[in-house]
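Every chain is named by a letter (A, B, C and D) in the order it is written, and numbering of its residues begins at 1.
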Amino acid sequence: MRRNLIPALLFICASALAQSTDAKPTLTGHWTANIDYYGTHADFGFDLTQQADKLTGKFRGDALEGATDGSSFQFFVKDSEGGTAQVKGTIVNNTLQGEIVETDGSAPTKAATYTFTATQRPQRASAASERHEFTPTVFYRQFSPFNKPVLTINPGDTVHTTTVDAGGNDFNSQKRVMGGNPQTGPFFIQSAMPGDILVVHINRLRLNRDWAMSDDDLVSRATDSDLAVKMKDAGKTIVWHLDLANGTASPAKPTEHIAHYTVPLKPMLGCIATATGPASAPPGTGDSGYYGGNMDFNEITEGNTVYLPVSNPGALLYLGDGHALQGDGELNGNALETSMDVEFTVDVIPNKHLPSPRVESPTSIIALGYSGSLDSAFRDATSNMAQWLADDYNLTPTEVAQVLGTASQYKVAEVADRNAGIALKVDKALLHPLPHASK
Amino acid sequence: MRRNLIPALLFICASALAQSTDAKPTLTGHWTANIDYYGTHADFGFDLTQQADKLTGKFRGDALEGATDGSSFQFFVKDSEGGTAQVKGTIVNNTLQGEIVETDGSAPTKAATYTFTATQRPQRASAASERHEFTPTVFYRQFSPFNKPVLTINPGDTVHTTTVDAGGNDFNSQKRVMGGNPQTGPFFIQSAMPGDILVVHINRLRLNRDWAMSDDDLVSRATDSDLAVKMKDAGKTIVWHLDLANGTASPAKPTEHIAHYTVPLKPMLGCIATATGPASAPPGTGDSGYYGGNMDFNEITEGNTVYLPVSNPGALLYLGDGHALQGDGELNGNALETSMDVEFTVDVIPNKHLPSPRVESPTSIIALGYSGSLDSAFRDATSNMAQWLADDYNLTPTEVAQVLGTASQYKVAEVADRNAGIALKVDKALLHPLPHASK
Amino acid sequence: MRRNLIPALLFICASALAQSTDAKPTLTGHWTANIDYYGTHADFGFDLTQQADKLTGKFRGDALEGATDGSSFQFFVKDSEGGTAQVKGTIVNNTLQGEIVETDGSAPTKAATYTFTATQRPQRASAASERHEFTPTVFYRQFSPFNKPVLTINPGDTVHTTTVDAGGNDFNSQKRVMGGNPQTGPFFIQSAMPGDILVVHINRLRLNRDWAMSDDDLVSRATDSDLAVKMKDAGKTIVWHLDLANGTASPAKPTEHIAHYTVPLKPMLGCIATATGPASAPPGTGDSGYYGGNMDFNEITEGNTVYLPVSNPGALLYLGDGHALQGDGELNGNALETSMDVEFTVDVIPNKHLPSPRVESPTSIIALGYSGSLDSAFRDATSNMAQWLADDYNLTPTEVAQVLGTASQYKVAEVADRNAGIALKVDKALLHPLPHASK
Amino acid sequence: MRRNLIPALLFICASALAQSTDAKPTLTGHWTANIDYYGTHADFGFDLTQQADKLTGKFRGDALEGATDGSSFQFFVKDSEGGTAQVKGTIVNNTLQGEIVETDGSAPTKAATYTFTATQRPQRASAASERHEFTPTVFYRQFSPFNKPVLTINPGDTVHTTTVDAGGNDFNSQKRVMGGNPQTGPFFIQSAMPGDILVVHINRLRLNRDWAMSDDDLVSRATDSDLAVKMKDAGKTIVWHLDLANGTASPAKPTEHIAHYTVPLKPMLGCIATATGPASAPPGTGDSGYYGGNMDFNEITEGNTVYLPVSNPGALLYLGDGHALQGDGELNGNALETSMDVEFTVDVIPNKHLPSPRVESPTSIIALGYSGSLDSAFRDATSNMAQWLADDYNLTPTEVAQVLGTASQYKVAEVADRNAGIALKVDKALLHPLPHASK
């Protein structure tokens, strides 16, 4: 079985008390409910409108009707297949607490009963942005919502910190944690709520030691039968010397034919992610998906901006797996793995859907697709960019086709992990003459 | 970055006290170490031989040398790249406890120091096999090694239990847990150790209620552009009536052209898995892999046997996601999802590698492959079967080719989830004339 | 560039004289035009209705208007984008001959002028069906419309003939033609016209010599990196002895572990095809596609029926590449290649679209999909079957989903050639209760 | 069946008379035989050494022994499986003519007998390079060896010519041929022989009219289910205005949101190919493969050089399908299709194997891979580049891995046709410090 089989009504939740400007409490607004559904927690948004004592609103397309007396509330929803939800509870400190009893209109199940609490989005901080110096002491190996945040910051704030290498070694060549892309974070961003977009601008991404580790092999996704046979005896670690002064890397002990091989450094983050939602299994830090993760995309570099969906209150941002440089796709399985000095600034775009991660450079917008094959990732990246152009430039589908047909630049982002990745870039200069939807 | 970058020597561990038959304690034997590697736990096997006070043995291809005085021990290992491990500790109640200090021969990291405990495989129970009646009260949504076992059994034992449907509803149509293939288990099988194979024979798999739930849609992996457009308005739940007396299913409220459509029941388990190793992120119960999991293979039925690799002491067996019947691949995303009455018997094959799950029916051996595309799953299933024929019949590669070329039956096992699945079947009657390796 | 860029109006053609039953000539009817478009020939159908001297009709969705005086005719068409076609000519012996002048409404090209002839479908023979004994003397290596038919037959007729093996060797072990699946045919089936379906029932498919040739290797589509390395020294020919009396095959000189390996014979045709259309490059006999071809599907056997689209007058049926037996997918690149004794009966279903080849056995209907990957072939097979169920049982898309979800049996048909193939089978017994569209 | 089943010995051929410098005729040298194998022609190379009357040499790894008397010759070959070839004939005007009788050592076939002629490579012209002005009057729709060459040139020569657009329209907007990428050529390059590499340097590639044609749709390889539904009403032709003075393109009648959309011109050839070998079915001009063909790679531009394998005497170069510009992959199925003014210079690298087409720009070397999926094309491109680095820089497999891991730039070349294409680029500046094999 593939899907969750959570009846639609599960996503129907509850409401709470908000202080209106005229000092009268009102439940009007957008709420996020956290349910305890037979032991599993999940977050969902819904909308309430209070007029006098009457409550109306929307739950995933279905209308709700109910009432409140200021300290308690109840409402009722019926969906198109005949399912119902009876929601009731109390209002305590701007929080709704209560119980949902739901029936399924499409299946002969008995009514389900479970509890919830609901809160409204905290107001975005109006104070001046801060810069935080953060020294990590713990490193996580899952993009989990259950790891305790290491720092709470506001939108607009900047964090300066460090990451260990993919093997868990820090700037001082000291092992700090088991390998497998251990992450710095999670950072809790105030006011970020599920359904938002987290914006991470990478102000600075610099090397902080003089060596990196990689392999002498090619990943199996890159090798046909002939090449697999040729590579059959490979499998050793290669240490690269990083010449920070000159901005180049070269094998520390090169073999004969590549004795003079040197590559310019281009530091990048192999991983950047928000935590996944609480109802699903948290992915390991070698995996990628809608949440970002181990994308190994070599344009996640200083000066660029990453857009990720928010699945939990506070977003819970992770980053790590720095590469001194990486060819497209991370062909060796490891790139030039090293520790990193990072500074980033965050922001939040409320209530905007992001189908897959996106990146913006000074000159390009870049839609990413990660999936089980390059063919599938290619479709995902294209769909992601088509949505971007429709959202931001009001393009119709056939206009999207004309722009993509003439402007698309596709590169292979990732072949080293469970998901393959494709990046679709469009030059901002081509889009500049198009009216932006926000204007 | 793809791989773990755990230095090879991490897998070099420790030893312990075993009571020899002549009452003299000896460390000789196969040990499983559980390390605490900077906060992450992992299990690894190694071999010790004690002669007088001298210790020798093997750690992943490298020789160890050391000594013991009966209450403490130490040994040293050097690998081919110059890395070293200095292992030392004490012997307490047949358990080794100590510390490993390792250096990396290929990278300029500092020495890593971490603790471990090691135990030998518990003796397999010699008592008569038992039959256990087990009523589940908790259901898990990850194939995790961290869930507490619900029952401890011995190889040879039989368990009779039930599973809830993929949506978390039981035989009584009562919601018991959030949907997403919640599992019964984990069952702890005594003496099963990492590196073994767990054998699960499904004695009985019967329906225990008269309805199942499915969809009216096709998964995107099955739809080309034309079919995607045709299916654009689908997305409803379909309830099927299960006629247990006659052994058939039909839509509870069929539409016009399928008013008389009826399909024979063929109960199967969508999920069966061992827990994954402790160092990696536990997969959700919608995922599949080397550990089995949500394989949705419609030959995991009564009378058949499933082979799964053991990654943790006790194996930690999960099962669930019963389907009253399912076409190949689970095209609707849901099959005919229902609760189930299950009886199974377990066994353990010690120290045998299993690259991917396997199934055996009275007439066929079946090698499975699960990966990000059908093309990749096809290669995995073929490689799995090639290994099976080599292991069990001593076939050389070109003999494998001749048998597979004439005997292969491939079916599509799974298209509904992140992994696609392919099953490669070979008729046992064709293999019967071949000398078996075990004879 | 992908597509033909033949303006839509190219497909607008011409008309001709038909003798009506009351001895008055009329142009009313369905015509097939053969155009000479700047040196390339192509066939297209169109419809005319004559009322007195007035002509009306349809050209690919666009209305035509014109007139005839009995010996000449002209008509005019305008499409939705403003393109036009001026068609005129003379009527000679029930054939239209003339010229088309067309302009393109969407592009600034100059008018194109080209000639055509058009004929109506010949009446289907009413005589009793015949059985033809045909001894091939020439064998073709392309599914080409330009090879001269070797025999002209009527729908309902039966042909008994032989095929050489994939290497061009006949029943007498004599080389007759270069290898690469040389074909017997093409057979010209009277009255078959482009847009029809050719039905080929295989009455008899028998071996006619005692040996077959195969390989000891696995095709690269089946080998992951590990298996590729294992197979690196393979590549020899394997001769199989065919025991016609006992119905089995075994390696002629088996190696040690497969000394007693024996497989039941199951003769099949690796290739069966209609010629492709005259405007495109004829495929070689190692290729497959909408026309059938080298499908290597091991259920194209005695007793089964194959459905293929007609792309040329006479259909031009080819067959060859007999296999004494074959595991799914033809893993060795060659199956057990041998010469064959074949008897088949043909029929024609007029004016019915077939998206991809189909097969019918006594117990199943089978939709095939052939494409560049298994993933893509899987979608094609599913789409082919969905269309079949919609056409023959009036199923709506969501009814198709319910039937496929419960009844689909997918097997891998082909992995040895440029296209991979998937077969989707549905048990006829399950469909029997559904009202058939033709009743 | 997949492969040709032509016994290895078929490739053993014949010899001929060469005039040695001291006026004594000798058969010593590399010969290309053209066989007439039961009606099919094929070309193969072999080597002879004449000492006095004795002949020795090599046929595909097997030694030959024979003799000549100046006007006739004969020799004998035996392969490792016991197959034999008896070759004999006469020497006429520096050409060998004769007969081959071969037996198969691995299969019980009767001896095969067929004729051949063989010639040596013509001497490369020593005259000064010429520039040819060529006006095409015929355009071909297959990359066939059977089309009559339109012009014979020498290595070093330059040709100035024109191509029609993919729809067959010339610079004057006049239809010249049916659409489907009709080609200018084939050009016969003196001295080019099978087994060589043809080098085509594009000196000049300029537009010669002010419009191009494209589509408003996306190819199905680029659309997931969601995007397919969005694009369901697309399918119209889009005319683009080409502003040759300013070097830009824009839709001729743009819709609202792209009213000001303008893209820089970057003229490219969608097709460039050598003819395929005479024994296989010639591909249509919409297809691609080892021979190049419809690669739709947007770096086949002015200033770049294309490398293609030679499969026939004279190479038989085709080119066409000019695009005013194209986004990566040709997402619309058509790029901006237009006629083109082309000037190119050819050269021949004798006796060097090319696994797949390659391109060289002033700054990069680019290995191409074309196959049935992006995943497969990705492996092909990687294998092609790995071979290039091994051939030209003597890199070992693990050195190849280190260079590719740090230097690879992958882009998607093609998604619009039967084959998908991937291009793997490496910066020449990175390779410059590596010793070149030729030095």
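Here, contacts are C-beta pairs under 8 Å (C-beta built on N, C-alpha and C of every residue); 3 or more make two chains touch, one makes a residue touch a chain.
Remember, it's a predicted structure, so these values are computed and weren't measured experimentally.
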Among the chain pairs A-D, B-D or A-B, which one reproduces the interface of B-C, with more than half of its contact pairs identical by residue number? A-D
If you tally C-beta contacts across A-C and across C-D, the winner is C-D
At what distance in angstrom does the C-alpha mean of chain C lie from that of chain A? 49
From the C-alpha centre of chain C to that of chain D, how far is it in Å? 30
Numbers and ranges of chain C residues touching at least 2 other chains: 215, 223-224, 231, 236, 330, 335, 373, 375-376, 420
Chain B partner, complex, touching residues on chain D are 220, 223-225, 228-229, 231-232, 373, 375-376
Would you mind writing out the residues of chain C in touch with chain D in their complex? 1-7, 10, 37-40, 42, 81, 106-110, 112, 138, 141-142, 165-169, 172-181, 211, 213, 215, 219, 236-237, 239, 270, 279-287, 294, 296, 321, 323, 330, 333-335, 337, 371-373, 375-376, 416-420
As the complex stands, chain A meets chain D at residues 214-218, 221-224, 226-227, 230-231, 233-234, 236, 238, 249, 251, 255, 257-258, 260-263, 325-332, 335-336, 373-375, 378-380, 382-383, 386, 393-412, 415, 420, 422, 430, 433-435
